[in-house]
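The data blocks that follow each hold one structure.
Look for subunit A in each of the two complexes below; its partner is subunit B in the first and subunit C in the second.
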Partner chain A sequence: MAALVLPATLLVLGLLVAPMAILFRISLDRYSPTELVQEALTGENYLRAIADPYYREVLGTTLGIALLCTLLALLIAFPAAWWLARLEGRRRSLAVILTLFPLLVGNVVRAAGWMALLGRDGAINAALRGLGLIREPLGLLYTPGAVVAGIVAVVAPYMILTLATVIEAIPRNLEEAAANLGASPAAAFRRVVLPMALPGIAAGCVLVFILCMNAYATPVLLGGPQFKMMAPAVFDQFVRGTNWPFGAALAFILLLVTLALTLAGSAALSRRTAPR
Partner chain B sequence: MLTRRTALGAGLALPALRIARAQSAQVVVGTWGGDYGDLLSANIDKPLLAPRGVEVVQDVGPQDPRKTKLIAERQSRRGSMDVCCLSDVDMFTLAQQGVFEPIDPARVPNLGKAIPSLKRPYSVPHIYSAKVILYNPAKVTAPPQGYADLWDPKYRGRVGLVDILHLQNMEAASIAAGGDEHNYEPGKKKLMELRSLDAKVYPSNEALAAALKSEEIWLTIMWLARGFMWKKSGIPVEAAVPSEGATSICFEMAVPKNARNRDGALAYLNAALDARAQTAFADRMGYAPTVTDAQLPPELARQISLTPEQQAKLRTPDYEYIAKNQSALIDFWNKEFKR
Partner chain C sequence: MALQSLTGAVSPTTLPAGDGFGGAMAGWRLQRLAFGLAVGGAYALILAPVLAVMLISLFAQEIVSFPPDGFTLAWYGNAWDRREFARGFATSLQLALIAAAIGVPLGTAAALALDRSFRGRWQALGGALNTLLLGPLAVPGLVAGTALYIFYVRAEFWVDDDIKGTLPGLVAAHVLLTIPWTVRMVLASLAGLDRAPEEAAANLGARPFTVFRRVTLPMLRPGVVAASLFSFIQSFENLELTLLLVGPGRTTLPVAMLNYLEFRIDPTLAAVATVQILLVGALMLVTDRFVSLSRVV
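Here is the complex of A and B:
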């Protein structure tokens, strides 16, 4: 039976663990303009990244955007997931397909759609101008707001489907029993549905938070050149600065921060859901 | 001996395996797609090399991944490209890493007709243009004379720069500050002044073109070739060659040391310098031929090339300076100017 996991294990070892190990090793090397990567064993790339207020700000922006997008995705997805979970038969299948539909289009293409919507000559500005509400076009594109909207749209389907699976498992008659015992729909939701959905909320938030932390195409295309999140900053170091050691260090800092927050978040939530 | 470097190179070179070499006459060319790739195919691959039994396969992609691929593959015995197309600055940076085979002029006879100032020991020049000021003639009534005119307070908020040309913008700022292409330090202060004049930065050439078209901005720094193409497509721009001297941009081709088909690659470089192949890029992309025997229609030549006086003042980027400082320069651009 153990042999069944062998292909997957080899794949992960070869295509994930090995490159990550190499990348980690590079993060301990030194950058040199002539050799690019100079073999060394130093932590200075990490120290430089942590000491530099610019990268602290980039990391802060990344965290802020990721947390905000996760929260917004949760707020948007919960009602949709609840509705989806209560559907039956063909209507349900159709709703699942519709939820998945945006995932069939790549992030870049979706961002291009947002650009057409938010640009100075985009659909929103054209409509507002047509209605006579504004004279000068609004600067909607290349703003943090555009990035948040773009990322939330990307991650919402993941959140909806994760939540729907959990909500589905909450027997409907529990809500009916709560109503029968005099609970208002709001109270039934707060005291019955929500606590039972917490594991799903935790899973959905972790998944979405990780996706948000690593967002690349959306911040680049919708945030504009002045807006920096970690993944584009890593790309800049590797490709435009040809500084692989520093880029690798930034990549590992992003990974560690994401991992630490994910673990802390899940631990906090699982404590709340543990039977008391 | 398997060092971690060779292991890294080999690991990253794996995608190369997907290119099955059925015959040794195949040449893999790492190039941009779009017009450039199409023109290579229509003017070099098909008419010049196919009759000689050389089959050209294009490995199409943006420049940055191609550059990164070359760095990753530099230790591997067999590379994934036979010919690599890059812009002059990146070509120099990689040549410094010893990635490319030195060009033997005897094996590339057409190199004899190339413009001498564009020749490099590690590559052949394919097409070139010059960095100029593009302006909207309806809004900027007096054509700008030099880069310094972009700092005129009356153009506050109307100057746009493209992010990807961060080095070129910094060089222009240094020249505007009275410096030159050998040291960008004076440009840093000058750029911060432009920043306080509300200069805008756009993420791509397409975004910059859209901003010029909507007249959100009136002035930018761009290649003459691209200005010509934009004008052709109805964007309201004229080009002004800076009096301080324009800086050249050359797109080059080189053969990586680990190319699998070196003979085919050299034949390709030679064909790329063929006068017949060169003229097509002028009309469709606005880039000037790098060989002296390519004849352009006079009207086209007037629009995409420099006058002899402007040519005499043409600056070549200081590749060595850029290679040495590019990591620090991108840091300044990101951390100070764009912040």
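Here is the complex of A and C:
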């Protein structure tokens, strides 16, 4: 029976672990214009990426956008997750489908939708003009704001579903008990519900933060040519440039920064949830 | 916070004393309204782009502008005539079917082994294998795609044949996408499984394989169906992992759409996107008939 785990394991080892190991090895090589990758054992690609003001800015933008989008997604998703968690039967199924549907439709399709909504002649500009609020169309598309809206919309369903699972497990009569003991709804929420929902909040934020850090289609399509995040920068190194060692180093910087912040964040949250 | 109002748990009489009864009711209604707006706003944000795409695919004018000059279905024909979209659709469909057909059995087998073996002193190994199999979810698609790209380029040197830009190369990558979802979903259905029917069948003389085929597998059906659907959709809509692995003449639908969108958005592209939206929506509804989606996610 135990052997049944082998085919899938070998596949993941061969197609994920081994390629990642090779990518890491190449990040320590040196670039050469003639043979592309020259074998070496150097950290200079990492140093160059960290020292270069351009890539520092790209990493800074990525971090800023990812943190902002994670926070916004949490705020937007919480009420929706609550609503979903307290539904039952057929209505609950429908709400889950409604949440899952945009998620499964894919990032490219949703970015296309935002382009139609935010463009110069898009729905939002047309509506504002129709209401007489503006004369000239606003430049909404190809701005950081468009990227934030796009990414938040992409990740919000993940947050809703993760939070709903946890909220569902909070017994409703705990809130009743808090209310009977004289707690206002706000106090009951803060003192009873929120602490119990914290593991879900942590799990949702970690998942969403990783997705935000690695967003590709949304920044490329909604951010315009001047706007750069890490995932598109990695892609550019391999397609538009030929500097594999440097591109590999960028990929690992993205991976490590995401991992470090994810671990730090979950550690901070789990300290808060630990019994005092 | 307006959230509690939804539960209906707090009846007016249990509200703290000192709050006027009428005032509490008004505050309550306000909280309920604010809550409703927050939920509605969240769903508007996540559904608006999908609805916008479907809407503009019907616009009569070629340059997207609101309000529309009229409505037409002509762009769907136009989209089908564009080779990159027709072939992209065919490639994505083929790819998703093959990847799911390979990945779901492998993932189901792995989930069974993880659930049934690896007890006692092997538990830690089981945990590690579980983490490894969920790995493709944890490694960002673009980074994994980059790694596979280099891997393929190097491997091409050894086998002296194309891998990058071929169907087998894409299938191998996409099977990777299907494994973690399958393992996760089948493990979830195994966790809630009643072992008594299997024991009864074994006691009545059924051989292990017969027990598996006649008892275990039918009980796992919801999980496996859901895993197949998710695997198919994950493969069909994947962009990041695929981006570097496509080749000339073999592009998936999402990559074809991305390349087009880097220049413009028009009703033709929206028509292609709408086809993808409708396909995904139909698959979700079909699956929901087999297994309630609210139970598996």
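One rule holds for everything that comes next: the second predicted complex is superposed on the first by the 269 of 276 C-alpha atoms of A that agree within 3 Å, B and C clash if a C-alpha of one lies under 4 Å from a C-alpha of the other, contacts with A are read in each partner's own complex, and residues count from 1 in each chain.
Convention: a residue touches a chain if its C-beta (ideal position, glycine included) is under 8 Å from a C-beta of that chain, and two chains touch if they have at least 3 such contacts.
The shown structure was predicted, so the numbers you read here are calculated from the model rather than taken from an experiment.
Superposition note: with subunit A as the common reference, subunit B and subunit C are in steric clash.
Within the superposed three-chain model, A:Ile134 lies out of touch with both subunit B and subunit C [touch as defined at top]. Within the superposed three-chain model, A:Val220 lies in touch with subunit B and with subunit C [touch as defined at top]. Of the two partner chains placed by superposition, A:Leu47 touches none, neither subunit B nor subunit C. The larger set of touched subunit A residues comes from C, when the choice is between subunit B and subunit C. When both complexes are overlaid on chain A, the residue A:Ala169 reaches neither subunit B nor subunit C. Judged by the touch definition given at the top, the superposed model places A:Asp121 against both subunit B and subunit C. Legend: residue contacts after superposition of the two complexes on their common chain; A:Ala264 is shown touching neither subunit B nor subunit C.
Applying the stated contact rule after C-alpha superposition, one finds that A:Trp82 touches subunit C and leaves subunit B untouched.
Once the two complexes are overlaid on the shared chain, A:Gly113 sits against subunit C while remaining clear of subunit B.
In the superposed model, A:Arg240 lies in contact with subunit B only, and not with subunit C. Only one segment of subunit C in 6-14, 24-32, 96-104 or 150-158 runs into subunit B in the superposed model, and that segment is 150-158.
Looking at subunit A, you'll find residues 18-19, 22, 119, 121, 220-221, 238-239, 244 touch subunit B in one structure and subunit C in the other.
Residues 1-7, 9-10, 14-16, 31, 35, 38-39, 41-43, 45-53, 55-56, 63-67, 106-107, 109-110, 112-114, 116-118, 122, 129, 132-133, 135-136, 138-144, 146-151, 154, 172-173, 175-176, 179, 183, 233, 236-240, 243-244, 254, 257-258, 261-262, 265, 269-270, 273, 276-277, 280-281, 284-285, 288, 292-294, 297 of subunit C are the ones that touch subunit A when the two sit in their complex. In the complex of the two chains, the subunit B residues touching subunit A come out as 4, 7-8, 11, 64-65, 67-68, 71, 93, 96-97, 163, 166, 201-203, 210-211, 214, 216, 323-327, 330-331, 334-335, 338-339. Residues 18-19, 22, 25, 31, 33-36, 54, 119-121, 142, 220-221, 224-226, 228, 233, 236, 238-244, 246 of subunit A are the ones that touch subunit B when the two sit in their complex. Those residues of subunit A that touch subunit C in the shared complex are 1-5, 7-9, 11-13, 15-20, 22-23, 26, 76-80, 82-83, 86, 92-93, 95-117, 119, 121-123, 125-127, 149-150, 152-153, 156-157, 160-161, 172-173, 175-176, 179-180, 182-186, 188-190, 193, 210, 213-214, 216-217, 220-221, 231, 234-235, 238-239, 244, 247-248, 251, 254-255, 258.
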